[in-house]
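Labels for the chains are A, B, C, D, E and F, by order of writing; each one numbers its residues from 1.
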Amino acid sequence: MAGALTRFVDENNQLVLVAGGGENARTYINAARKLGADESTCDLLGIQITRANAELLRVAFEGETAAVSARSLTRLPELVRANGVVVMGGLQPGQSTNAVATLAAEITRAKVLVNATDVDGVYTEDPKKNPRAKLLRKIHVGKLLELAMAGRVFAGRYELLDPLAVKILERSKIPTRFVSLSNPENIIDAIKGKDMGTLVVYD
Amino acid sequence: MAGALTRFVDENNQLVLVAGGGENARTYINAARKLGADESTCDLLGIQITRANAELLRVAFEGETAAVSARSLTRLPELVRANGVVVMGGLQPGQSTNAVATLAAEITRAKVLVNATDVDGVYTEDPKKNPRAKLLRKIHVGKLLELAMAGRVFAGRYELLDPLAVKILERSKIPTRFVSLSNPENIIDAIKGKDMGTLVVYD
Amino acid sequence: MAGALTRFVDENNQLVLVAGGGENARTYINAARKLGADESTCDLLGIQITRANAELLRVAFEGETAAVSARSLTRLPELVRANGVVVMGGLQPGQSTNAVATLAAEITRAKVLVNATDVDGVYTEDPKKNPRAKLLRKIHVGKLLELAMAGRVFAGRYELLDPLAVKILERSKIPTRFVSLSNPENIIDAIKGKDMGTLVVYD
Amino acid sequence: MAGALTRFVDENNQLVLVAGGGENARTYINAARKLGADESTCDLLGIQITRANAELLRVAFEGETAAVSARSLTRLPELVRANGVVVMGGLQPGQSTNAVATLAAEITRAKVLVNATDVDGVYTEDPKKNPRAKLLRKIHVGKLLELAMAGRVFAGRYELLDPLAVKILERSKIPTRFVSLSNPENIIDAIKGKDMGTLVVYD
Amino acid sequence: MAGALTRFVDENNQLVLVAGGGENARTYINAARKLGADESTCDLLGIQITRANAELLRVAFEGETAAVSARSLTRLPELVRANGVVVMGGLQPGQSTNAVATLAAEITRAKVLVNATDVDGVYTEDPKKNPRAKLLRKIHVGKLLELAMAGRVFAGRYELLDPLAVKILERSKIPTRFVSLSNPENIIDAIKGKDMGTLVVYD
Amino acid sequence: MAGALTRFVDENNQLVLVAGGGENARTYINAARKLGADESTCDLLGIQITRANAELLRVAFEGETAAVSARSLTRLPELVRANGVVVMGGLQPGQSTNAVATLAAEITRAKVLVNATDVDGVYTEDPKKNPRAKLLRKIHVGKLLELAMAGRVFAGRYELLDPLAVKILERSKIPTRFVSLSNPENIIDAIKGKDMGTLVVYD
């Protein structure tokens, strides 16, 4: 993936990568919850793991195109301008890394936000449970919010996109597309505007 | 208000106060928006003002009962244990100070969260527009979420409680009451469990 | 004003802007003082507002010419070199933002320091009280110090230039001019060396 | 383990716990190394995981006996005095968490340092490879250094005790015992001075 | 000196100690100035040395009465309340450690400020140059300011009390006494109100 | 020396300079030790002085080629890329500035590490005590470790190269040469690969 992304940055583009927590974050969160930790503390623990994951992304860029890490939104625009590639993990309890990505897109006035997951985009139902689930090529931000609200925000729990993230999309109308992470080229293609996965529409 | 709260703390209680931004924050946010700032940057500016407001609260406690300021959730439990009273403003773009208050309640395992505004609690309609609006004595967290979702999250815009805040209430079932800020004793009464304003119910 | 300053920076110049606290800072300081706060704490509160004001200045530069914020002198030269435009508010209790501006000029070896206020320069008397007050085209740093010493340093109180600021001018002989903030072009003209307002002389 | 340690702290004792990285740290380090990261960067990544591990230890203490986290040695003595229990992970590239533990013991003037691993103490040979390996009841610091020097310091690689750690023991003659982590009571017994595992001797 | 001060703190008093830079700071400042450094940078270098000096003071308290270090005024009151003894060095370019001491006295609402130097107090002339110089038992803050203004503020240059420091005394009327550092008991005696050295008067 | 190094940087090279503590650090460390400080605290005090020394190096570069300071390894590669010249002092108790230099070389993937001291390189014996001591033109890293282990790691004590530093060299095989600091051109010559002093060999 780093190869594809590095080529993209070498074409004089700027990139912010936000890493999620994945299975490892969930393992730590579950251990903390069993020990009696509150949900905010579980979130904070998960954030530590997302930062380690972000660091692995950063390392993948070492060499020609060097990436740096950011731990707050305040200096993010400055870091992107100076370095071209910035990696981030989570920031605050109560915010998924999806929400971080939307905030990062907003404050850097990103041209496009790509949400890459393990499915091809937004489906009418869970495609892993129902093989007849249909991929939506477009989804209105209002509908997306409705789907997001149906979930509950426990730390580390999988959510397509949490309500806060959708609210940020809605307020800034950030051009957003959901694609599959399975093929690294997908991300570049989606950034470049290829019609794939699910596009969020605002009108 | 500080007098009432100081007496409460002197009775060996602990207190976290989260200040909102008020009219002054909205003035700064509007100025920034006119200059072309993105919403996250507007949020950050509003947060600076909430912190100045929190500082005024802190100062009101000087003397017998000294308060300290916190700028992150990570060390909040430690600061509350060591100092008894902690003041906070906003923390992150995309989060209202209502959400900060719920996260602070969650991570400190607060016995009660009181949301003091300029109305007596949650109404069926906006009491300032419709005199026949009826005060709800209880509201289910699900209904609260529905109300919260109806609003849009522009920086500094008044919201009873933003969706993120309600989601945090829901996940940790924090005992929460909405009261009027008009009388300082209200806050203490509400903290002590007096039946007033609007209570959030979870079942 | 941002338009004029942006053009100046686009001509390959570097700029540090130090914002004062204005009426809003005085409102907070007076509130804190009434609550019994000491003067250093009042200063710190005023500094929070100067930083919000500086942030508004920063936002005005967004776009082609992006500005960054600085909160200490240590990294200021590095930030100016890397970004071209840096905004600052106050730094420490006991220091006006005028003093910050002189220290910033000193540590960045600025070619010129322009102090823009709501009057045309330094007068023989307060021009708002006495219409016969005469504008001084030049003032010796020793005379400036004498004027500065006559004031008292309460937080947020208007002072032409506080004694510390004059002492810094004196020790580093920074080329300094007082002009009116009424016309944005004035600041650029003064930076470029046009004979206007009041010039500080050192011999 | 938290139960045993909590009781110990409740008896008015002070405790600093330093978490290692374990298998999870090695997973991250190996991934980074494959991506071409240098050893210092691998160390930094491992340190992020030791801090998440330390956070899990911290959480186990929540309730009666609350623990706090430390990320530098400078404020460690202050944190121990104020809070009773402090957890730490790694600090710097080139330093194992064993070295951190010795430095923490040194700067807090700890009465005893217990090194708990998955074997009963220091053996003549690797007890997992050679069943006839004999447990040493005492080991001279000079001999310990010799053993430590035989290893190589790659990030995350298991080492009984790295040379830096032994050098710190040597310079401050910290009373140190190696015990098995298998039974939580072992740690308390070792702290209280029970003759078990392997004791480091200095004369 | 630490012995005398420790006994004072053990009598349940609170203490902030501000260390100056001394000869060593002047050596660094002169070296920097010869290398072409600006005065603010010289100040920053001197501040680093005052902090090392403060650290030596801190170390002298280790044991029964442990001291902590502070690097800003913001958290100073909190640190004094929690720890009893706090040491500080310089804070900012343009501020002598005398000014830091007055600001620290102001923000902690200190009962008394003792300025201990190598002479017995304030003299009519320099006692080292003129043996007929007369020790003043009292000095009005206005006269003190006049003396302070006669000096020039180059980094590390000896000044009885810089103008900023006097301005802070003036605004908060901090009870202040100048005594000789030659006898450690002097400092305690002066703190306890013994009539010695030179007292600053405000009316 | 700055002149020689500046020319080197102007030829489009990058440079990290790590300053030692020297005689001044030893003075502070001895004073602290006499006051009863532990070795880690002595190390921390020495580190403060190395940072002041590094600042003097930084100042020497002001003008065409501006240097910046770093206080951690994490952001070091980023700072070197952005600024060309970075100065550092010590980082952590238990680590000499020699170790810091090897870690800095490792994390920046330096092409060469030059260790400049007051002797011409590594000798068979102490050349100051035995005039027949012979300069080694090459030394194997294993032999270097053996020499390093013979010393003891008290704060501020002169060591050719501490064991941790040698271990870092060993793990990353950093091309390293020991030369005399007596002639500034030596450092540049050694960086450029001239055969002088003592070269570390790894096979």
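Just so we're on the same page, contacts are C-beta pairs under 8 Å (C-beta built on N, C-alpha and C of every residue); 3 or more make two chains touch, one makes a residue touch a chain.
Just so you know, these numbers come straight off a predicted model, no measurement behind them.
Trainee: With respect to inter-chain C-beta contacts, which pair, D-E or A-D, contains the greater number?
Mentor: Answer to which pair has more contacts is A-D.
Trainee: Go ahead and note the Å separation of the Cα centroids belonging to chain B and chain E.
Mentor: Computed from C-alpha means, the inter-chain centre distance equals 42 Å.
Trainee: Taking the mean of the CA coordinates per chain, how far is chain A from chain E in Å?
Mentor: Computed value for the inter-centroid distance: 53 Å.
Trainee: On a C-alpha centroid basis, what's the spacing between chain A and chain B, in Å?
Mentor: Computed value for the inter-centroid distance: 29 Å.
Trainee: Identify all positions of chain B at which a residue touches two or more other chains, and write them in rising order.
Mentor: Where chain B meets two or more other chains at a single residue, that happens at 41, 44, 82.
Trainee: Draw the chains as dots and join the ones that touch; what shape do you get: line, ring, star, complete or other?
Mentor: other
Trainee: Determine which chains touch and list them pairwise.
Mentor: Here the touching pairs of chains are A-B, A-C, A-D, A-F, B-C, B-D, B-E, C-E, C-F, D-E, D-F, E-F.
Trainee: Looking at the complex, which residues from chain F come into contact with chain A?
Mentor: It comes out as residues 75, 77-78, 81-82.
Trainee: Under the stated contact criterion, what part of chain F meets chain C in this complex?
Mentor: Its residues touching chain C are 66, 68, 82-83.
Trainee: Using the touch rule from the top, collect the residues of chain A that touch chain D in their complex.
Mentor: 2, 24, 28, 31-32, 35-37, 41, 44-45, 48-49, 51-52, 55-56, 59-60, 62-63
Trainee: What residues on chain B touch chain A, complex-wise?
Mentor: Against chain A, chain B makes touches at 38-41, 44, 73-74, 91-95, 99, 102-103, 106-107, 109, 145, 149, 152-154, 163-164, 167-168, 170-172.
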